[in-house]
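Order of writing sets the chain letters: A, B, C and D. Residues in each chain are counted from 1.
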Amino acid sequence: KNEEPKKEGEAKKYKIALVLPGPINDQGWNATAYAGLQLVKKDLGIDMEYIENVQQADFEATLRDYGEKGYDLVFAHGVQFTDAVNKVAPQYPKTFFMVINSDQGKAPNIGGIGIREWEGGYVAGTIAGLITKTKKLGAIGSFPFPVIKGTLDAFENAAKAVDPSIKVMKTYVNSWEDIQKGKETALAMAENGADVLFCSANQVGLGSIEAAKMKGVKAIGYIAPQNEVAPGTVVASVLYKTPNLFKWVVEQFIAGKLEPKGYSQGWAEGVLEMDWTDEVPQEVKDKVNAVIEDLKAGKIAPPKP
Amino acid sequence: MQPILKMINITKTFPGVVANRNVNLEVYHGEIHALLGENGAGKSTLMNVLYGLYQADSGEIYFEGKRVNFESAKDAIRAGIGMIHQHFMLIPVHTVLDNIIMGLPGDRGIFYDRALHRERVLEIAHRYGLEIDPDAYVQDLSVGAQQRVEIVKALYRKAKLLIMDEPTAVLTPQEVKELFSTLKKLSQEGMSIILITHKLNEVLEVADRVTVLRDGQVIKTLNTKDADEKLLAQLMVGREVNFVPAKSPCQPGPVVLEIKDLVVKNQRGITALNGLSLTVRGGEILGIAGVDGNGQTELAEAIAGLIKPVAGTILLNGEPIVGKKPRVITEKGLGHIPEDRHKRGLVLDFTLSENIILQSYYCEPWCGKFGFLNLNSIKSMAQELLEKYKVKAPHSEVAARTLSGGNQQKVVVAREISRRPKLLLAVQPTRGVDVGAIEYIHEQIIKERERGAAVLLISTELSEILALSDRIAVIYKGQIMGEMTNDNPDINEIGLMMAGIRKKKEAS
Amino acid sequence: MEQIFTLGFFITLLAATIRLSVPILLAALGGMFSERSGVINIGLEGMMLIGALFGVIGSYVTGSPWIGILFAIGGGILLALIHAYMTVSLGVDHVVTGIAVNILSVGLTSFIFRAMFGITTTPVKVNAFKPLAIPGLKDLPLIGPILFQQNILVYLAFLLVPLASLILYRTSWGLAIRTVGEHPKAADTVGINVVKIRYLCVLLSGIFAGVAGAFLSLGQFNMFVDNMVSGRGFIAVAAVIFGKWKPSGILAASLIFGLADALQIRLQAVGTGIPYQVFLMLPYIVTVIAMSGLVGKTTAPAALGKSYEKN
Amino acid sequence: MKKDLLLINLVVPILAILAALVLGAILLLFINVNPLEAYSVLLFGNLTSLYGISEILVKAVPIIMTGLAFTFAYRTGLFNIGAEGQMYVGAIAAVVVGLKLGHLSPFLAIPLSLLAALIAGGIWGGIPGLLKAVFGSSEIIITIMLNYVAVYLLSYLVDKPLREKSGFYPQTDMIGENAFLPVLIPNTRLHLGFLIALLFVVLVYIILWRTKLGFELRAVGLNLHAAEYAGIDVRTKMFLALALSGALAGVAGFTEVGGIHHRLLDNFSKGVGFDGIAVALLGQATPFGVVLASLLFGLLQVGANSMQRSVGVPANIVYIIQGLIILFLLGGTILARRYQKKKAKGVA
């Protein structure tokens, strides 16, 4: 069993750490986690520690170090930490390890929590399907990791649900940071007829938005609020409220309610949110909102792996 | 008359070596002043100091009456000093014109007016009879032509004082004559010339005065009309010199090396050997005379298997060796003192013992069954050899780089001779080593002959050929121009053959 | 599949080739000067990265991308000075120095960026270069709107090729550079200041690489992101050798890299069923093949990588 | 003379590291971090516990191997910039063997996967070697290019044919437990790979300085023309040197997957190939020097993580300090030599 909850007044004594696989200014995955850390500090008054840019070879050592120092809760920010956590956690029963994006937990002290990213991709695909004129869409991913692939597949499924004749070009760039490659890939898609672009690859996405701007086609922002990156080009952003997710976990933990199982959150839990611009007509918004309601109600199936 | 140059009390040291010690030198307008001295006497160093390439530790230099302090060659050039270095300072991949104008400021801003330069270069070349092609690439030129480029390069910079560091080492006697007449013409026009050489006869022939250096110090400055070869040699070396080593009469044995109609192309595809034939017998020394660049390098490399001939045969003890790998040829009994000890003969950063086993490292007892080196026996053998061949070195485990040129050469000679070769191929065996070492190396070569080995001696130093050979052949443009025995040979005829002029056919 | 190889496809392919080759071309031209003078510069990657950042900082502070370029040049010079001091003045191995410069630059850019802009989830945007249409040419049918509406740095990069040729082969500087790279001692004897020339050439490579970096951050984008150069500096090093240390060869090499990259992106986007990694490998495999069969042996400047100690 | 060696080998490195740290300290002060605190963690934090020390060694293992790889080629006068790629293909081969034969006895499974890594790395290094020998192509370019090819090859393999059975993450399944490199000290990650790396250090030393092959390789590296004159087949030796160099780098892949990850992942151990170049040159291209320099790198990299964790120093400062240490070490050595020369001259 977990530790008993401490008294309210002692809440600030919790030692919580965040282990990040990349730099905190990657404008994406790691940056949102860092924002979560700040939110926890602001709303809960808890100082979380973090370590960024941890290489695969150092996962185990890093987690072990926190266990050794008696941390209460350690966030491992990415499913790639699963192996390392499984190895380390049994030796440090007093520490609860939370793997982000994992859907599995293991008693007594491993939990997983993920955003159902495919739900984000699905909504983006719905929007794209509704506003495309050429019936061609472009979707760019970083690596064919399950989450990314699922997101791209959901994007395609959603667009086809709007209109089965829609074609989706999917491409992986093998990078989180090669912004020029993102741009060129998006340009190639636009030149090949795509008129709405979507990208799930951190900084690379900025490249695809730039390309959309150049080609006068539309883009859908993803994860961060990107409507302002290119007004008129980015018609809407699917926001990740990842910070909320961290806050939720920490709250659950303090309340002693955090269980060693897999949690997943999406539209229903308010971790995903829409950020519209005026570029999108109300009728489209209505249709998309209906899809979001379906997702919340669990009426739409995730893409097959 | 006021001297154009006065160097006063120049001292220049390198770590561990005093290259120049309180040297005084005066050169007058229109004078040809020879600088004479053994290897390592400090001649090049003194000139490099004058030319601004080295900074003297102490001393003063006055040029045209003014105290000067050249911080770089640029200053010296600007003041009117030109220098032609012992090793040519030309860029092989540049054209002649580029080699001449490099370092000059642009004509319009940073741009060169090449047409104008070309014209001026040709004009100077014609005026002094220095035939050059401005558009040729230096890598395609003969050594003599390269030297003409060097001279034009200096003249083009309006030099008033021209330094020439051993300019004749690479020329035919005829080319030397031409060069000297050019120099005389220049001096008559008021140019001052400092001429560095080891060759006493040249000093007497062309110079007005001569300064002799020994161990970094000036021994004497004298007028050439007051000097003769014997005196100069004595001043230079500090003792009487034995010009000709003693050797017993020749007793030739069976043919060891036979070369027939050998054709070799060099790296750039130019024919370097053009149907060359020769034979060498056991117990004799065949000397190949000739001006550098007439195929000597290619001949040696072809025998050693380092380049593959296009046609012809080479028989070593009756066995064909064309197309065989260097190792195979070495094992068949070739000992090879290569032309350039730094390029081929030594791995400068290897220890002396590693250099000594360079040709035999893979053999028993140096190398055991499983490819492991037997360091102890290598070391003791090396130590022994160094002592036997009087190599001046602290011990066998120092890098070859730390030895003087002469001692480096002794290491090469020791290695090749100690393998008791059937054919000793000695190419420029004493190039750039001092008199003591020369005497020693010559002795060793003669010893090999006496042991019964065949010796093929390739040298551009005619005096060396004359001193050692039993027979002399002259190489010119990749062919043997003629052959003669070495009893009272006609030096003039050899000189003509070196220049490509054939008088009589076949001697033997 | 068959409908993709249309005229339009080739024109857009060409345009993408140009954009992708520009940063490589710029950096490689700089690298060429450095190597022609005898100094190996494997630190181009780091110099580009710092150029990308400093360009953004310059534009951020002053609002002018042109001043951004000046900053980028300054950043490139900063790292180049380190490289020059180590290699030319001290004679340290050129390759390690270059690697150290790269490591240093990764840390330095990230540090400076965070210190200046903090940690954000959306990028800091600055004024960047706008496409510049060339009057007349831009109205050419088909190709006009695509080829002649690039930003000014693109035109500049291509103009630098003949300019570099001119400098290298027609001027006193160029002759001095080539002489120093072939035979520093000979250069010394004709009064060429070897140290000065090498410093200048290394600095020149810093300047070019800085501009190449700014081309990414200010020409292609209006922002800096960590590690945005993503290996293009190493490709530039390869382009110098591939291009046989000649401006025209480097132009060709850069275009080949650009083309291979543009092509793989397009083929991937079309969706062929071939694993996408195969396309990503394409530019590199092309180089290996070209280097072995077609280009074959290249002769580097004779004194490349060798330090020169005067006395 | 002894004193001079001491200056170059001990005093200079210490001063160089100090100088780099002082510059880094300025940056630390700038972001309100106490440099003394940060540095005590960076340099000594991990030396106080067995676990910390073992982590340093663990970190050093692949760097030692890539450092040896660079050294080996460098001694033959060649620049192998491709250790990164060779390491990846070595890892691929080791994992394939580990997957297929991981159920065999460890005495078979481990040597076989080591062998596979050696061969695969050898092939990857042999390609530039062959091209160099046949066409004279620049090994620098070819090895750089093959790094990228290896990265994408690895990415493809874990994406498609070797993807784990669940098909979830782009990684392979765990290799058989018998192919795991045994842990040397309980409760640490220090694995057999460390001893294997040390074995290769000795092996490389012996090959280079005690065997005929090493004699030949070094002769080629120091003077190609003299080597040719000595009857050494220069081209074959160049090929061999790059192939063996690649094989050594392949071992780095083997130790990483066998000792740490136990499976193949995209982009594992990024940058180790380049670390290898730096340690080789810092270690003056001697096997023993490589070990020392790798330990320094291991200490810095593990210390950097600790420093981040306990003092909150961002990772980028570590890069800066690492870059500065390399520059100061190399530059400092030369300045010290010059100083000695000047002194010697003063005496003469």
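Here is the rule we go by: a residue touches a chain if its C-beta (ideal position, glycine included) is under 8 Å from a C-beta of that chain, and two chains touch if they have at least 3 such contacts.
In this text the structure is predicted, and so the values were computed from the model without any measurement.
Hopping across touching chains, the smallest step count from chain A to chain B is 2. The most distant chain from chain A is B, comparing centres defined as mean Cα coordinates. The busiest chain interface, judged by C-beta pairs in contact, is C-D.
Here the spacing of chain A and chain D, counted between their Cα centres, is 35 Å. Here the CA centre of chain B is 46 Å from the CA centre of chain D. Per-chain CA centroids place chain B at a distance of 45 Å from chain C. In chain D, 152, 155, 159, 314-316 are the positions where the chain touches two or more neighbouring chains simultaneously. Residue positions of chain A touching 2 or more other chains: 23, 174. Looking at chain C, residues 110, 114, 277, 280 sit in touch with two or more other chains.
By the document's touch criterion, interfaces exist between A-C, A-D, B-C, B-D, C-D. Put simply, chain D touches chain C in their complex at residues 27, 30-31, 79, 81, 127, 131, 134-138, 140-142, 144-146, 148-149, 152-153, 155-156, 159-160, 274, 277-278, 281-282, 314-324, 326-327, 330-331, 334-335. Note for the complex: chain B touches chain C at residues 51, 53-55, 72-78, 83, 85, 89-94, 98, 101-106, 110-112, 153. Across the complex, chain B meets chain D through its residues 13-18, 304, 306, 325-328, 330, 336, 338, 343-350, 354, 357-359, 361-362, 367, 371-373, 375. Put simply, chain A touches chain D in their complex at residues 17, 23, 49, 51-58, 60-62, 64-66, 68, 79-80, 82-83, 143-146, 174, 305. Interface of chain C with chain D (complex): residues 82, 85-86, 90-93, 95-97, 99-108, 110-111, 114-115, 231, 234, 237-238, 241-242, 275, 277-278, 280-281, 284-285, 287-288, 291-293, 295-298, 300.
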